[in-house]
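Right, I'll just put the structure down here and ask away after.
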């Protein structure tokens, strides 16, 4: 059965490694923080200027001066720090953040990503996404395999204006875990009960399928 | 009579304007702080990372963590701040410091300055001098008119390796106040009792001398 | 070196039609509320505003948009604002979208006397159009230029009479770099204290970057995305 | 995310002959004394040291020079050191002199992922030799590149177990930028406290830039130019 958003987040959380600093985008990526594996310590960075984000505050304890890049009220953990946005992107551009998780509208087989603009629609801006994708050594995209019209978002070439080129290494969708390597998607895992055929049929980009494709363990 | 070092500093101090942030180099420039005119408030920046330097500490009150760019122990005034050296040079390069006073081995009539290197001698380095001279809108050089061999240091062209080009606006020596303008030195004032003839004879660079050259008022 | 002015009116003197303003804040967090209210009162028009966001319809820079005071926005993200959308689609409002990190760094560069720098952000996208591309360490970068402004308006938590500023939590965001990049920088603070009160070790923005400072009368501090968990 | 190591020996593990080290401090102020002592003990050779100064004959980086452990110094000012002079004049020691502001900014750039930037400092001097020159706003600038290091060794006043650092007074100097630019950054602190003890608002170097931290056993804090006035 295809995963729900929490399932995608849970699967991505398995990629976390002890001691990593992690930047989570808005949407599904935010949910990753709920599924940190036991025994692992990671610290969350938000690009407006905080390291060491904690959970959302209890009702009545919100501080308008303390928000994340999604403008949500948050709290801090012990060991947190605040800094200006230039320093924040120094961390990102300087590759001090070990993992970036973000959503996408389209991903192509050479790792291009489009997630900020749809021609003809109101453009809200790229925010920090272009900085993040251009710099992160390790990017995981959390997204749905197809759009609402049923068209694949896992493509040979992106059709939408790009956010970054050749930067995505891994994609986790409701159906599969894909790795991008040498200009092709590689099917690493399938969601529990999802067939390889379904994944192939919903993937427009070139997909390498090994003989055995394990089910995700989540 | 030619000025002594304190006299040069005193004359330069007359150039200070209320509200200015000022960077003073090592040597004669440091003495300028002793002669701030009445009713004027200026704040001293030191490029290692402090704004709002106060006087030297009383004996026994030195703090090894609190020094100026000359590595001397100092104190702070109310309203002081500490910052890293990148921010310090952001202030300098970004022209937030209104006046820089520094020493020189040679100055040329187009405003070039040489003050860091003598070929054949041990080179100690330029420190912050190249950043200061390249960026300051307002540079006053405090120097002796001639070197120990009696040769003019106020030249047509510098002979020593340069610290910066076309940046010096004003020079105060033991003999005169000179302005640099359109590739020439202009004699503005002479030290009390010093003759225009002496200044002319000791100036190798092209010197414009007006009919009347007032004495410095110090 | 006293930089205190008594009120927003005096603080914003000299801001004129057609000028470029930097305005601190991220979303509605850490924005100079009192100064924005004064800009509305002054009715200055044709402004170019450099600000990471454009407020919401009825708060923050959205108030200037309502009054059609802004000709051009230079931002990284401008969602959550219907009037903005209307003016942009109708062509009344020009919008220059810049990656957030490049925006922050370009402001810092403007304040630090660095006219241009290379960054990988935006390479291969429309942001790179017309910009020089150069490979460093095998990776393409684009050349981005410094941003400065006629006035920068920032908001801090505490400030002293000499213009030294301390921000609170994530309300720091773009304020420090914009304070550096304004030809004239105006700071509004929640608490104005005498020089010597703040620890010199803890100053976020040294007073050299601030020309005018005042204590804001009132701060609404509206929350854009109130998010809580249950006890 | 505990980054505490027990002693300088463990902290400096992995530093090898021929590596590039950044070492914080200005003169003898804010230098990592305990780590330098450990480098002497380790006897690593052929080092390239990026540090604003080179210490004095018998303290600071001068100790490494005494042991002929340094092959190349990258600094802005290297006076006050006879052994340095001797090695430099004899050609044993290579020296790369860089304007102080460019050195600070090049370290920051290295840490911030900015491979190169333009600065006016050094234009028209030998520092500009071989460097690209470009005019901005009518003024010539030279292109300077980022600096990074295999290890950066910095010294702070207080630090917590997650590597967050606070410096004291002008002992801050080059330490924050070097902390950013080290592939591995080692911090020695006067006082090591549990995470949560330091105010998140007052951290000078966020822990993300620090990989290892330890409390120094003893700090001599020698003064180079003791200057006093009489009461």
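A few points about this structure:
Order of writing sets the labels: A, B, C and D. Residues in every chain begin at 1.
Convention: contacts are C-beta pairs under 8 Å (C-beta built on N, C-alpha and C of every residue); 3 or more make two chains touch, one makes a residue touch a chain.
Please read all numbers here as calculations on a predicted model, not as lab measurements.
The interface with the greater count of contacting C-beta pairs, when A-D is set against B-D, is B-D. Each chain gets one centre point, the mean of its Cα atoms, and the points for subunit A and subunit D are 36 Å apart.
If you average the CA atoms of subunit A and of subunit B, the two centres end up 55 Å from each other. Inter-chain spacing, taken between the CA centroids of subunit A and subunit C, is 28 Å. Counting partners per residue, subunit A has 50, 82-83, 89, 92-93, 135 as the residues that reach two or more other chains.
Chain contacts: subunit D has residues 105, 108, 112-114, 119-120, 167-169, 200-201 touching two or more partner chains. Taken as a graph of touching chains, this assembly fits none of the simple shapes: it is neither a line, a ring, a star nor a complete graph.
Which chains touch which is summed up as A-C, A-D, B-C, B-D, C-D.
Of all residues in subunit C, those touching subunit D in their complex are 105, 109, 112-120, 134, 136-137, 141, 145, 166-169, 200-202.
Residues of subunit B touching subunit D in their complex: 46-50, 55-74, 82-86, 88-89, 92-93, 112, 122-131, 134-135, 161-166. For subunit C in complex with subunit B, the residues that touch the partner chain are 1, 108, 110-114, 160-162, 164, 180, 194-196, 200-201, 203, 206-209.
Touching subunit B in their complex are the following residues of subunit D: 26-30, 52, 75-79, 85, 88-89, 95, 97, 99-102, 104-105, 107-108, 119-127, 157, 167-177, 204, 221-231.
Listed in rising order, the residues of subunit B touching subunit C in the complex are 19, 21, 41-43, 45, 50-52, 76, 78-83, 87, 89-97, 135.
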